[in-house]
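Multiple structures follow.
Shared between the two complexes below is chain A, which has chain B as its partner in the first and chain C in the second.
Presenting the complex of A and B:
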């Protein structure tokens, strides 16, 4: 469609964009193989250094890296599994039944999506404190398992893909309500469940504000929190911190390498289907 | 359905009624309860973690309370917090910084993403287009803390890579003249000078979210049918006119949506400024202090939960007003998708 702009210059624009995008990732990988003094030496070390092993040792001195990574994984998996289960249950409730107050509740739910998370920060911290679950992993993943976004997303998908006659047919065959949800509906909405799972996992893995205000004991830290907390110690070993930072990004980067289409579609689902 | 049928047969035989009423009622009740059972996870969590906290936070904003003192330490102070906010210089500074960042870290995302998405959709196809789009999307899936830590080292005043590059550029023959000021300005303290911290934060935000917008706008441009471009071509439209008068008006709903996300997101910026200022009360002269950041300091560093709650309501109003203005001016055009 555009003939006035030669193809190679469009390529050039895209390649510049790609380079700007990936530079920090390449740089963090390189830095994780250098010592602090190498990183800030002149000229900058644009080659793979020889201090990877030492940096790894220092990283383990700074923090119990693998148990912190396990914490992150645990919180993300629990929250994702919980959200897939509970959001689909609630979505089924809104999809399959007509009941008094349904529209009101659904309306409140949609309206609650408009509330900026910042407003909820202090009150939900206090609620968690009242419940006595401060400084637990449970407090990180549980409050979000039946969230409005997920329920809305899955209900929309059900509306578009599932014929109500199918539910009636299953009922006539004597299936219980729960059985209809579990054996008839769930298999049909797998793509929506995958989308929600992706969004939840990425959100939980990268979550920083939640752990920052809720987690205080060092053995319960998650990656984002632990990496941030070693940022301002005196003479911070930047090579080791960069190694930790890089390792913390690897799982999602690897997943993106294989599932980029699904992840992009999932994360922009709200926008594109509007 | 079945319940109705059965109860009508019941009324035919009085004997049967007595025997079968009880299970029948239970059945009707069960049928009534079933939807509530399914949506109960949402109801319970909504009441516990949204409705109650919101109500409590209104109550709390009229009280003075240090949470370490327990519930007894809560004193009613009326509108004092709200009155204090009006004269709180840090709050005004943080609101100013927030708006500054919302604009400077927001507008470029779209000014870059729209043309790039248009080029991607109109010039490239298949795997190549996907490669470009996906690569530029990567920052969006990585943790903001990790990204900010990397940029923290890139921006370092003491021979961080950015400063070294600027120095190197000043030695390059032709364009070196443009960078002649660099050696005198060294070391440029990107993160510890009040003039540079906000642009430094803004760059990270633009870098992180432009790819996301490119994906949204690509989806938008893909909805524009080829017939429209063909018709425009027949009418003698130039490439620029096709972009400006055909493609752009067609993706208005996408622009509206992407802008809404940017506005709401940017007004709540926290992690980028927090990490880039190393969590140190908003950086030099609070130049990197955003409203969310201030909220965090008030609540968790100074333990003034009541005051912090009042701040969060002010911030909420602020976001609501700005979003409504955006909806008012861009909404109808945006949703309509036509001119």
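Presenting the complex of A and C:
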């Protein structure tokens, strides 16, 4: 009994942590089944209501929900795929090659991470305007595909896990530089790619400020913007908004499940050391 | 199979000279070992040969062709790394077949050749495993299979056995030797273990501080070392060195040690000048003698006995210095007792002082 006490308390703390974490999600899910007046009643209705269908109808009335969800999905998937590809390529360059000014360039890149993102809002807006890609989804996902954080994360992972002999062995085997990157290095850094993938996907999915200043056409709106814009109207239809919010969480959940599985696969594949 | 030639090879990293004016010729089918202490440049030399590093100056010629500008693949060499460098995410089969796959060879052909290599190396049962599921010796064999499968002109081995335990090392050494006798591919083998080099190689190249000290067969190096470095490096336990003074005439030479012991032997052409010298005596050439009045008798005190089973290693204080002697007779001796050794005149080596 005494021996199991630490285990018990650990479990208790973990269970409390889990409950606190999932409470908002459950709350949103439950509220999406109630009417506005139910939501404001006291005590709040902490049970499944009967207004789900009406809320869904209201949601579609407020916005073209599925096409907006598609926009968000498109931006997030493109940005994530692009970041995973370009950051790993760039990190591979920093990892595998020695060239003049390598440390300086890497240093400048790391230093750029210290600039607060808000400071870059106007310069990036002006740049995007100059490039003529204002009010496009491309402007939302593309500028972030080679970001300092991702490059840093992946390069550090490479340094820790990839024996440079592997690169030499591949060279002796006749692999081209791209082949080494693609067939030898990429499969070995899956956990880092998955981590970056999750971070990027969540970042892009939740991005509010970017779309707010870059997107003006209503048909190009993304979820964050659309859900926020209906909250200001009088008598905000909270049931419908909660339903929209809940549905917008689902892709995020799926993305997390997908990437975390990759992360586990990478970790358990092991044998990084010869 | 191909011959390999290094001509005036020079390599420096910044101001540090790693290899200096290196010339070496390896004939077709030969097994050459590069031996030397850590940092002598032997791995750098191998990497230059492989095309992984560039020489600062000088040429690499493989099979009569100047290959300085060719990639590792174009040189058609295969290399076995110290860390094995197996691709952790690929199975044994994929590891061995990787270079064939990127050469665009068809799957049935890859399977056939991988199967052949696996059979030679006794890996057929392990083809579906990942490197993490293999023992050290098996990984080493996979690394050799990867080199073997492409029929290279030259095999390069970079200390391939140094990560294995002593027993496995001896076993793998035999396998490498057997493999070479079977395929007769020109092989260049880097090691810091002189026993490995002696047992495997047709010829040994001794490197120190970026220079070749001597090239020769194991027996040549053992019997006629060109200098004290080679003499000390080859042989286990290593050669004893004693300070002495040389005097010689046209027929006989004599070295007087600090305790006035005289070592006499016939004069040869390559004796250093008279005066201070270093005398080299191999531990296995020192014979325990009793009441020896003959020439070349060394007297000292037994300081330590290290039994190794088949023989005892004796540490003896002679002429103010400590010597090692090998006692194959396993004589009953006690510490601190006086002891005498005799050595044959033709086994005495003399080198210039440091």
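In this section, the second predicted complex is superposed on the first by the 226 of 274 C-alpha atoms of A that agree within 3 Å, B and C clash if a C-alpha of one lies under 4 Å from a C-alpha of the other, contacts with A are read in each partner's own complex, and residues count from 1 in each chain.
What we mean here is this: a contact is a pair of C-beta atoms (placed from the backbone, for glycine too) under 8 Å apart; a residue touches a chain by one contact, two chains touch by 3 or more.
Computed from a predicted model, the values in this text were never measured in an experiment.
J.: Per the contact definition in the header, classify A:6: touching chain B only (first), chain C only (second), both, or neither.
T.: Neither partner.
J.: With both complexes overlaid on chain A, does A:174 touch chain B (first), chain C (second), both or neither?
T.: second
J.: With the two complexes superposed on chain A, say which partner A:124 touches: chain B (first), chain C (second), both, or neither.
T.: The answer is first: A:124 touches chain B but not chain C.
J.: With the two structures laid over each other on chain A, which partner does A:184 touch: chain B (first), chain C (second), both, or neither?
T.: After superposition on chain A, A:184 lies in contact with chain C alone.
J.: Using the superposition on chain A described above, determine whether A:21 touches chain B (first), chain C (second), both, or neither.
T.: First partner only, chain B.
J.: More residues of chain A in touch with chain C or with chain B?
T.: Of chain B and chain C, the partner in contact with more residues of chain A is B.
J.: Can you pull the chain A residues that chain B and chain C both touch?
T.: Residues common to the chain A contacts of chain C and of chain B are 271-272, 274, listed in rising order.
J.: Chain C touches which residues of chain A in the complex?
T.: Those residues of chain A that touch chain C are 163, 165-166, 168-175, 179, 183-184, 187-188, 269-272, 274.
J.: Tell me, which parts of chain C touch chain A in their complex?
T.: 47, 50-52, 71-73, 77-79, 81-89, 98-99, 102-103, 130-133, 139, 146
J.: Which positions of chain A touch chain B when the two form their complex?
T.: Per the touch definition, chain A meets chain B at residues 1-5, 7, 10, 13-14, 17-18, 20-22, 24-25, 27-28, 31, 39-44, 86, 89-90, 92-94, 96-97, 99, 102, 105, 108-109, 112, 115-127, 129, 131, 143, 145-146, 148, 151, 177, 181, 202, 205-206, 208-209, 212-213, 223-224, 227-228, 231-232, 238, 241-242, 245, 248-249, 252-253, 256, 260-261, 263-264, 267-268, 271-272, 274.
J.: Note which residues of chain B are touching chain A in the complex, please.
T.: Residues in contact with chain A: 32, 34-39, 41-46, 48-50, 52-54, 56-57, 60, 67, 116, 119-120, 122-124, 130, 132-147, 149-154, 156, 158-161, 164-165, 168, 207, 211-212, 215-216, 219, 229, 238-240, 242, 253-254, 257-258, 261, 264, 267-268, 270-271, 274-275, 278-280, 291-292, 295-296, 299-300, 305, 308-309, 312-313, 315-316, 319.
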